[in-house]
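As structure tokens, here come the structures.
Next come two complexes, and both contain chain A; in the first it sits with chain B, in the second with chain C.
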Partner chain A sequence: MRGLRLLLRAYFLLFLVLPAVAVLGATFSHLSAKLLTERVYLEALFRSLLIASLTTLLATLFGTACGVFVSRLILPGRNLWLILHTLPLFFVPYQFALAWSVLLPAGFSKLLFSPLGVVFVLTGCFYPLVFWAAVVALSSIPPEEEESALLVAPPREVFLRLTLRRIRPYVWGASLLIFLFAFSEVGVPTYLGVNVLPGEILTRFAAFYDLPGAMAASFPVVLLSLILFLAEKRVFSRLRFQERPAERVIVFRAEGWRRVSVVLFLASVAVLFLLVPVGVLIYEASDLKSLHLALSRGTESLLHSLLYALTAASLAAGWSLLSLHFLGRRERDLISWVTLLDFFLPSVVMAVGLIFLWGRLSAAVYGTALLLLAGLLARFSFLPYQGLSLAYERLDPSGIEAAQLSGAGELRVLARIVYPQLRRWFYLGLMLAFVFSMNELGLGAMLYPPGGEPLVVRLYTLSVNNPVGVSAALALLNSLGTLVLVTFFLRRGLARA
Partner chain B sequence: MEAAISLRKVGKRFGAEEVLRDIDLEIGQGEIVAIIGVSGSGKTTLLRLIAGLEVPDAGEILLHGRLVSRAGEVLVPPHERKIGFIFQNLGLWEHLTVEEHLRFVTRDEDRLEELLRFLGLLEHRRKKPYQLSGGQRQRLAIARALAQDPDFLLLDEPFSNLDVPRKKQLRREILRIRDEKGLSVVYVTHDPVDVRLLSERTVVLHEGRLVQTGSYEELLRSPEEPIVRELLEV
Partner chain C sequence: MKRWFLFSVALLFILVTCGKREGMEVVVYTSTDQVFSEPVLKEFEKRTGIKVRMVFDTEETKSTGLVNRLLAEKDSPKCDVFWSNDPLRVEILKQKGVLAPYRSPQAAKIPPQFKDPEGYWTGFSGRIRVILVNKELVPREEYPQGIEDMLDPRWKGQFALANPLFGTTSFHVASLFVVWGDEKAREFLEGIRRNGLKLASSNGEVARWVALGKVKFGFVDNDDAFSMMEEGRPVEMVIPDQDGLGTLFMPNAVALIKGAPHPETGKKLIDFLLSPVAEEMLAKATCRQIPLNPDVPPPPEIPPLSSLRLMQVDYAQVARKMEEILPFLRRWVAER
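Entry: the complex of A and B
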């Protein structure tokens, strides 16, 4: 097992510690007061903060409201609502920007191609994160806690004074993530012609080949990411993940106009943020010529995307499982910190750091698919690791000890005792890492090897000077590829042992 | 004399399963009643029906002569029934301190202080549940249940998971509360020792039916069905 432990530590060092050190080192060593006080730069920074704040606020409101309604009210078609309010996560945000730009008449275009338009599109893409945070939090409150309160206070007061307070850390955790995602988003603002800070970094590197400038421009992004990282760590420590999902949850019956209003609200959010943009994409992609063009231009890129995303997700999930079982608690805690930090470093900044690092370490890696893979592993190892880690901590240690005492080898204990209990989480982590890798534009645009363009980048470049139908068809192809694999992972994860 | 709690022909189903049927029961003011039965006999459901946390499918429930639930309908919501309920897993609010628990229920600071003193929690008032010992957690659950000055105290398996000294202490506390506050106490158990040592009357439930009621000694002396002796013999 010593060799295996060494390998696990090598992965940790190479793909997680070094990138973080490189990003921090590159950014802080290229600080430039001149650049940081440039008007264009400061405006981009301000715009990024404004967009991130407004998106977070709106996504939190929509996500919490939808999550509470779907979890706590007896409504028709609960599973349908769950699906409708999850699906936006499986689309690349700028696909929706593309759809709205096609749909809106000229009079509204000015509004869409502005910071407010960016906020609108990003809100629709990110509110499912808060939605799920609320759903999970509400389903893990033991019903007795609320029933104890219902014996002394009416439901409305119980909800406001107790339930909301209980789900708050979960919602805040998701809101912080949304702030980060919105702040570091490149695709939507660039497509809608809004100059934001990550776009500025991308331009400095990709258009002017100015790596030092890109590193210097990353400083506030890194600083903000570090602050958010510490805040998220604090929020995480308050969550009571040791709770299992409650065996039953309290639900209320909404009658009359209340029921109609809630259903209308849920439907409006789904229509606005999912059904309309997807409908537009389907409509635009529906002629045979567009489909043919998209398939001929995009199939190879789709295969690249699937290859990168599947490799990264499988490696990250496999490494997470093995590390949790074979490494000690202190190492596991350290891994938890570092994976979270890497996840919080925006992709364009991570890409700049990796180019800086591997440009010096090994010329053999620079310019190959390995560099992109390294970027995906650095950013998304967090997803399977955290999920599996929470589930691993909840395992009954006596069950594992009994298996060890029975004389079984370490790998056998892992395969027969530990993994079957964690399988659901393993596939969930794998699925999340896969989806995020498939839709990752920043790393893809800056690190893809010559001839190995992922679909998300191909779509982005094609959308600028090609018929809308082709872009729409490519966008759907990307989402379809993602959904097929996600369905497969979910079926595997939920299948009976 | 009017009964504090009356159940008339009460029935409850969960899907196809009939959990309780035709339950007729009257409990007097200040009485301590044990409900005993095997797992799945409907004991907890009976308590939840009295508290208004479940809706009966048949029959009526009255508290002090006031109709509070009838078939398919909760007429008086749980928070207006003046019921203190101690759940089997206590249902403490893990994010609130001891005094915040009580403040959720009552705004009367004098009462809050009195309860903290009464249940020996004064020095733990700023602790959260996870910082308390098992016994202190149990006392916090009792304090919370008493904070609203209830007329009834319902306890769901209060003695399970307790060691012998703690069981003794809890029994003493329940008796003290009943004597000082005069409230009716209904508790669920499956242990005949808890029945013998605390209850004034015992209700035996089996497969959703009320099989027999009476004092512990009466039931043992003349059980109407073999299950009664089986459940009550130590």
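Entry: the complex of A and C
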């Protein structure tokens, strides 16, 4: 087992510790006060903060409201609402920006091509994170708590004083993630012509290959990521995950105009943030010429995307499982911190850091698919690791100890006792890492090897001077590829759960 | 779990071996829009069986991104051929010692002013700078006719230009510095800023802004204009300064990289790009590029090159000027 442990530690060091050290070291060593005198830079920083704050606020409001309504009210078609309010996560945000830019008439386009337009598009893409945080949190509250409270207080008061308080850490956690994602988003602001800080960093690096300049420009992003990282770590420590949801949950019956209003609200959010943009994409992509062109131009890139995303997701999930079982508690805690930190570093900054690192360490990695793989592993190992680690801590140790006492080898214990109990979490982590890797634009655009362009990058570079129908068809191809694999993972993960 | 392990190892193997496939291949970096360059490169692949590995520039960092990447990789080149969408970048790369000379037999019919005298780069199919006007917002008789219209107060805040640090706009601005001299060019840039210039990140964005009515007109390349027209947008193209300065003509340029990993296949790709086949493909595509080989018919929508009034510029001089004015342009952009 010593060889395996060495391998797990090598993965941790190469793909997780070194990138974080490279990014932080390079950023702090290239600090320059000169940047703070550049108007464009300061404006981009301010705009990024404004966009991220407004997006977080709106996405939290929409996500929490939808989550509470779907979880706590008896409504027709509950599963349909769950699906409709999840699907936006499977689309690359700038696909929706593309759809809205096609749909809106000239009078509205000024509004769309502005920071408010960016906020609108990003809110629609990210509110499902809060929605799911609320759904999961509400389903894990033991019903006895609320039932007792309902004996002495009206439902409204119970909801405000007890239920909301119990779901708050989950919603906070999701909101922090949304803030980070919105702050580090490149595709939507660039497409809508809004200059934000990550776009400024990308331009400074990609246009001039100016590593010190790009790293210096990254300082506020890294600083903010560190602050959010610490906040998130605090929030995570307060979460009490349930291996399974509570067996019963409290639901309320809404009647009359209240019921109609709730259904209308849920439907409006789904129409606005999912059905309209996806409808536009389908309409634009519906002619045969566009479909043919998209398939001929996009199939190879889709295969590249699937290869990168599947490799990264399966390695990250496998490494997470093995590390949790074979490494000691202290190492596991350290891994938890470092994976979270890497996840919080924006992809553009991570890409610059990786070029900085591997350009010096090994010419055999720079310019190859391994560099992109290293980037995906650094950013997304967190997703399977965190989920699996929460579930691993809750495992009943008696089964493992019994197997060990009866002489079963470590690998056999893992395969026969541990893995079956963590299977659901393994596939959930695999699925999340896969979805994020499929839709990762910043790393893809900066690290893809010659001839190995992922579909998300192709869609981005082709969006200029490409017929809208072809771009729309490519966007749908990307989402379809993602959804097919996600369905497969979900089926596998839930098969024996 | 065993199946997962085998699956991961297989994926990793494919990923590593795909990147190291030996055999006939060529690596090309290109700043020409992917939508136009890729079909030409695929055609080369189809005709020769040589695998083309492509890297494209993003629209926002057009030209400069790949030039700086080539400079960064100078000591350990990964690229064989650089297909630039203008001759300036290859001229800069030549001056920095990144290129190797190669005189293609296909270049015989290319006019000498579009070739490097020492054979470091060769020009082919080109584009012109045009004004794209939103015809729903501007009556035809009021269309702007030249670059200095951007100084006219009646257009205040109603026109756009791409970032002059990148792409063909940088070429255009550097050419103005050469033709007008530094003082007039700087005054012009300050003047358009005072007149409410909307600075876009790329020509594609300028074209989209005009098409959507965010501005009334903007300067773009003719391929950006034709893309919008083919989409059915309410736009029209004006070839600027036909009574005075002339418009800028920007040929593509192709060059072999010094120390290229696959020099022989690189030369074959250069031969193909300079051939009438490639020029014809680019003339017939949406970009309507103007061929330099007299045997290839020009696109019908654009007047023949011989009938256009063009800005008279020396590419080597413009390349030097561009490097010289870069700090000023960076400041100008930062203070806009």
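Simple rule for what comes next: the second predicted complex is superposed on the first by the 493 of 497 C-alpha atoms of A that agree within 3 Å, B and C clash if a C-alpha of one lies under 4 Å from a C-alpha of the other, contacts with A are read in each partner's own complex, and residues count from 1 in each chain.
Note that in this section contacts are C-beta pairs under 8 Å (C-beta built on N, C-alpha and C of every residue); 3 or more make two chains touch, one makes a residue touch a chain.
Note that this is a predicted model, so its numbers are computed, not measured.
Once the complexes are laid over each other on chain A, chain B and chain C both fit without any clash. In the superposition on chain A, A:Arg39 contacts chain C only, with no contact to chain B.
Once the two complexes are laid over each other on the shared chain, residue contacts for A:Val271 go to neither chain B nor chain C.
Contact with neither chain B nor chain C is seen for A:Leu61 once the two complexes are overlaid on the shared chain. Measured by the number of chain A residues touched, the leading partner among chain B and chain C is C.
Of the two partner chains placed by superposition, only chain C is touched by A:Ala445; chain B is not. This overlay, made by fitting chain A, leaves chain B and chain C with a least C-alpha separation of 37 Å.
Touching chain B in their complex are the following residues of chain A: 142-145, 147-155, 161-162, 165-166, 240. Of all residues in chain B, only 51, 53, 77-79, 81, 83-85, 87-95, 104-105, 144, 147-148 touch chain A in the complex they form. Of all residues in chain C, those touching chain A in their complex are 1-2, 4-5, 7-8, 11-12, 14-16, 18-20, 27-29, 33-36, 38, 51-61, 64-65, 68-69, 71-73, 76, 78-79, 136, 165-166, 200-202, 204-205, 208-209, 212-214, 223-224, 227, 230-231, 286-287, 333-336. The touching residues of chain A, counted against chain C in their complex, run 38-41, 101, 106-107, 109-110, 113, 190, 193, 195, 199, 202-203, 206-210, 297, 307-308, 310-311, 314-315, 317-318, 359, 363, 367-370, 373, 414-415, 419, 445, 448-453, 458, 460-462, 464-468.
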